[in-house]
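In the two complexes below, chain A is the common chain; its partner is chain B in one and chain C in the other.
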Partner chain A sequence: MTSDLVFQVLASGITNGFVYALVGLGLSVIYRGSNVLNAAQGDFAIVGAMVTVVMLDRAKLPYAVSCVGGIAAGALLGALMERLVVRPMLRRKATDDSMLLATVGLGFLIAAVILVTVGKAPFFLPQFGGEKSVDLGNVTVQRHALILIATAVVVVGALALFYKSTHLGQAMKAASIDPEGATTIGIDVAAMRTATFVLGGVIGSVAGILQTPLIGVSFAMGIAVTLKGVAAAILGGLVNPMGAVAGGLILGIAESAAVLTLSSAYQNIAAMALLIVIMIVMPNGIFAGATRRGG
Partner chain B sequence: MSQFTRRGFSVAAAVTLLSTTSPVFAQGSVSGAPIKVGVLYSSTGPLALTGQAQRDAYLLAQKVVNQKGINGRPIELVMEDDASNPDTAVTKLNSLLAIPGITAVLGPSGLAPSVATGGITSAKNVPQIVTAGIGLPAERERKCVFHMMPPQQINAAGLLAYADGVKAKRVAVLYDSGFGTAVMNAVKEQGAKYPIEFVAAEKYDLAATDMSSQSAKVKAANPDLVFVLSASPTPFRNLRQLKVSAPLITPIAAAVYETVKAMGDSAEDVIFVDYLVPETPRAREKEFVDAFQAEYKRLPKNFEAAAWESVMLLTKTLRQVGPDAGSDKVCAAIRGKYAGAHTDYDFSQPDMTGIRVSSFVYSQWKGGKFTRLPFVAKD
Partner chain C sequence: MVRHRIASIAGVAAWALLPTVLPVHYVDLLVFSAILAIGGLGVGFLLGQAGIINLAQAGFYGIGAYASAYCIVTLHWSAWIGLAVGLAVSAVVAAAIGWPILRLNGHFLALATLALLVIFNALFLEWDWLTGGSLGISGVPKISAFGYALDSPRKFYYFVWPLTVAIFWLVANVTRGRTGLAMRAMRDSPDAARVMAVDSTVLRAKLFVLSALLGSISGTLFAHYVGYISVESFTVERTIFFLLAPVIGGLRNPWAAIPGAIFVALVPEVLSPLGDVYRVLFGLALMLIIMLFPAGLLGRWARSDGAH
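Moving on to the complex of A and B:
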């Protein structure tokens, strides 16, 4: 095991970790704002990526415009999920389990729609910054991977600033912490919940667009992406979006460490074993504060 | 509305309803009761890439067969989607077998559904022609279940023969937990026969979205040649992005135009061990390749060829023994040598396929197309 190999694998782990972090971040945002564990979060990523692919490859639109279109699609999907599924179920006093099952079903539905409308083939988007790599000694890192990491950091920072410094962000926080209190001061709790899902859709689609140049996108990938995001969010603390970022990084690096030190066959085993150990020792996640329920 | 108009409307509605719900079959100049053949394929699920390609070939074969028919009767393919799932395949198979007059079953597309359905057709003595290779040793007991794709031992032998032929001493393997593991097990069994050192064997989960860590370990091993045992384009891209310069060779699963296109520039110079190079078809393949290209405006590849072959094999058999001969006669008639459009079979062999290593065609992706290589493996 050489130092070059260690750093190369670590670079892969960090890149993957940021992808998991973004998916987990979207999941955590939605959970904190609505108490809904969105099992279709990975499909937000897939939809965002697929719409970008279609706009770029078939409609021949500029890449930047296509990316905006993909993000808009993720936002719209989030809004539709809240208005058409979550809100009616909440009105009918649906349980958390029912809500989770509904999002699982939505994930399958989205995959089926993508298969019928876009097709079965895998697609890749062009890498941001071109198909170029940066050599750090004998370690090769794709320029796109560095852009992915930087963008993920910007998204996380922007999200923190959004909740702290904007009227909408503070209203969404208030609606999730105390729905009744928020209503009395004139906050539309239902609208804030829609905004939460829109935000989750935006973050999910950004994750999808960033990862697709590296790993591709196909109709069946949603569940695999969701599972990694769930693991990241749970590791970090489901109600703490910033914790999800840390959870994603821990998961990505743990997977790479397993490949490096054990056998590549143990990649998922080691990562999930770590997740279970952390869950036993810290059931609310590494960075969760007091549990809050959303509205 | 007059009675006449009401009746006419009802008849028109009934005709419209029947024509949209009845199984589709193309009827040329043939007539008589259709010969019903059940088809299982994966139109949805992870195997959709394979299954939808096969569907096109099945429909084309039906159209071509029905130009003359089988002893004057048309063939009717009754098609069901198994969703790439063995349980669904069993359910759909049972519904096909419940249809009166089902003569045989073609498919499914994947290994797991094939293993699941073969147990049922075998028990009910229904001839089945599977478009996947033999999976478990237990399948060898199923003497009326025939396979149009090679067993993993042959896929492995094809890779090892090439490595030996090009004098590659240090070979690394990157393989997935599905098809890749099946081939890898066969590579491990046979590897000792060759003067090859396996310097890395890195596995990744079938559902994994990234295998760059495993690719990094392959790179660190400094191989002469890399076996990539996967149907996904991602490992090829990962390896080239990490500047693994060794040649990459892969078996049949990745030899699909959509997969190769998704590899992007990483596909350049990848070597494929498969059967059909439609850009330069051999004489025996020309009819199929030309017909497919004329029908669908694209070139076929191995999975389409396997589906086409299965229909042609059944057609030849039924023309020989008669469409009402019964399962035992149909099975006995298939169980022998068959010169297919793209390869030779011997269904009397224990692997229910009889495909030999020497029947592989080696090609390389160059400049946007498959280019036939002169290498021929020895049996």
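Moving on to the complex of A and C:
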């Protein structure tokens, strides 16, 4: 095995890792903001990507406009999910288990709607920055991969800034840490929860659009995408959104190690085995000591 | 009591006559309902009585199916050995994996079992010397009971339903007895259960194994009934069906998995003339049931004496 091959596989592992990181980030944002573990997070990614595909290929709109449309669709889906599913269930004091079931059911429903409206076939989007690649030493990296990584970093940075420095971000944080306290100082906790789901939908659809040029998108992919995101989020500690980024990268690199040492079929096996082991050994994630719950 | 007895006799008579009046297609669906009910029972009693979510059931279902198919088609062993091998492999796998992961709770346990299913699926595809990979295994022979080949849906119906009821009866007995009490104590108050000397680690592992065994039996029956198996049959979608059967029926009473399974098997079929739209309607029905009937469709009537 040449070292070039090692670097090549590692580079693709890191690229995948940033996608997992974004999905995990969305999951983590929603989990922290509402205590709902959203099994339909992967379907946010699929919807975002599919709407972009439809706008680009069928409505012949420019790529940038289509991407904005895809992201808007993710945001809308997040809002609808909170208003139509989460809020009524919270009002009925649903248990965590039935809430999780509801999100699993929603994922099934979203997949069904996509199947009926768009069809079974997988779709691809053009790569950002064309089909060109860049030489970095011995490794050739597609320009799309670099743009993907840069976008992910920007999203992560923007999110941190949003929670830290904007009024809305701080209000959302307050509403999730102490709902009653937040209510007393005039924060509309339910509206903040809607905003949290919108944010989760936006991040999810960005992840979906970024990964589609590499692996394509089809109606039934949602649950697999969710699981990778969950693995990333749990690795990083579910309540710490930034941890999801490190978690995603570790997951991507672990997968590429499995591809190198075993075979490409073991990529998923490695990721899922890692998820199980981490949950058992380090249930609070790899940064358990460094972070504070809810903060 | 007399009324009760008349109702049961009428029920049995209706069950016996049903295949003679229904079109074969519906008999076929009722056979699938029974197969689904057995695997669903495994998920349902575990979730309802012990609070443990098993989303890996389609994997154990696959193990049962592949073990039977491999033993019979490739090794030319008898159907009974195939069943036994499936049960043994499922039990060993469930015990070995259950031991570490069952210390997890709630979401994490659900995710761990789902991750397990993804691993099973990848292995089913990858170990093609055993499973035939994406081609699957065809030519699994029909089973015969008492020298009588069960080679039509109607014949299989008369075999599979009494078997299903017997299995439900056995499992319902477990949940009624001391073990059942211990399970519910563990579900409702783990600490109090520990004080009462319920060894929850051992109990959880045993129950998980029992659940996996039911999945495996279900898979063996499926392989014999359909005659052809492939990776397609053991995916997340199948696991969701195993989960839905008891959830729709109501988790309080293990028997509710039977009407739940019939619902889950028949509704998509009734809606299927609509084309793929049926999936959307099914998904909507599913969401409404989860949101509006947290105790299951039969929740109100489905309380058995011991189980609450």
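The rule is simple: the second predicted complex is superposed on the first by the 283 of 295 C-alpha atoms of A that agree within 3 Å, B and C clash if a C-alpha of one lies under 4 Å from a C-alpha of the other, contacts with A are read in each partner's own complex, and residues count from 1 in each chain.
The criterion applied here is as follows: a residue touches a chain if its C-beta (ideal position, glycine included) is under 8 Å from a C-beta of that chain, and two chains touch if they have at least 3 such contacts.
For clarity, every value in this text was computed on a predicted model and none was experimentally measured.
S.K.: On chain A, do chain B and chain C fit together or clash when superposed?
M.R.: Chain B and chain C clash in the superposed model.
S.K.: Tell me which partner A:273 touches in the superposition: chain B (first), chain C (second), both or neither.
M.R.: In the superposition, A:273 touches chain C alone.
S.K.: Of the two partner chains, chain B (first) and chain C (second), which one does A:154 touch, if any: first, second, both, or neither?
M.R.: neither
S.K.: Per the contact definition in the header, classify A:224: touching chain B only (first), chain C only (second), both, or neither.
M.R.: both
S.K.: Quick check on the superposed pair: does A:133 touch chain B, chain C, both, or neither? Answer first, second, both or neither.
M.R.: In the superposed model, A:133 contacts chain B only, not chain C.
S.K.: First (chain B), second (chain C), both or neither: which does A:216 touch?
M.R.: In the superposition, A:216 touches chain B alone.
S.K.: So, A:97: does it touch chain B (first), chain C (second), both, or neither?
M.R.: Once the two structures are laid over each other on A, A:97 reaches chain C alone.
S.K.: Given the touch rule stated above, what does A:88 touch, chain B (first), chain C (second), both, or neither?
M.R.: Once the two structures are laid over each other on A, A:88 reaches chain C alone.
S.K.: Please indicate which partner A:115 is in contact with in the superposed arrangement: first for chain B, second for chain C, both, or neither.
M.R.: After superposing on A, A:115 lies in contact with both chain B and chain C.
S.K.: Is A:106 in contact with chain B, with chain C, with both, or with neither (first, second, both, neither)?
M.R.: It touches chain C, and chain B stays clear.
S.K.: Flag for me the stretch of chain C that overlaps chain B after superposition; candidates: 97-105, 133-141, 169-177 or 241-249.
M.R.: Looking at 97-105, 133-141, 169-177 or 241-249, the stretch of chain C that collides with chain B is 133-141.
S.K.: Is there a shared patch on chain A that both chain B and chain C touch, and which residues make it up?
M.R.: 112, 115, 223-224, 263, 265, 268.
S.K.: Going by the contact rule set out above, which residues of chain C touch chain A in the complex?
M.R.: Chain C reaches chain A through residues 47, 53, 100-101, 103-104, 106-108, 110-112, 114-116, 118-119, 122-123, 125-126, 236, 240, 243, 247, 275-277, 279-280, 282-284, 286-287, 290-291, 294.
S.K.: Can you list the chain A residues touching chain B in their complex?
M.R.: Those residues of chain A that touch chain B are 2, 4-5, 8-9, 12-13, 15-16, 19, 112, 115, 120-124, 131, 133, 140, 142, 211, 214-216, 219-221, 223-225, 228, 255-256, 259-260, 263-265, 267-268.
S.K.: What does chain B use to touch chain A in their complex?
M.R.: Spelled out, the residues of chain B in touch with chain A are 44-46, 48-49, 52, 177, 202-205, 207-210, 212-214, 216-217, 219-220, 232-234, 237, 241-243, 258-259, 261-262, 264-265.
S.K.: Using the touch definition up top, name the residues of chain A that touch chain C in the complex.
M.R.: Touching chain C: residues 37, 85, 88-89, 92, 94-98, 100-102, 104-106, 108-109, 111-113, 115-116, 223-224, 227, 230-231, 234, 263, 265-266, 268-269, 272-273, 275-276, 279-280, 283 of chain A.
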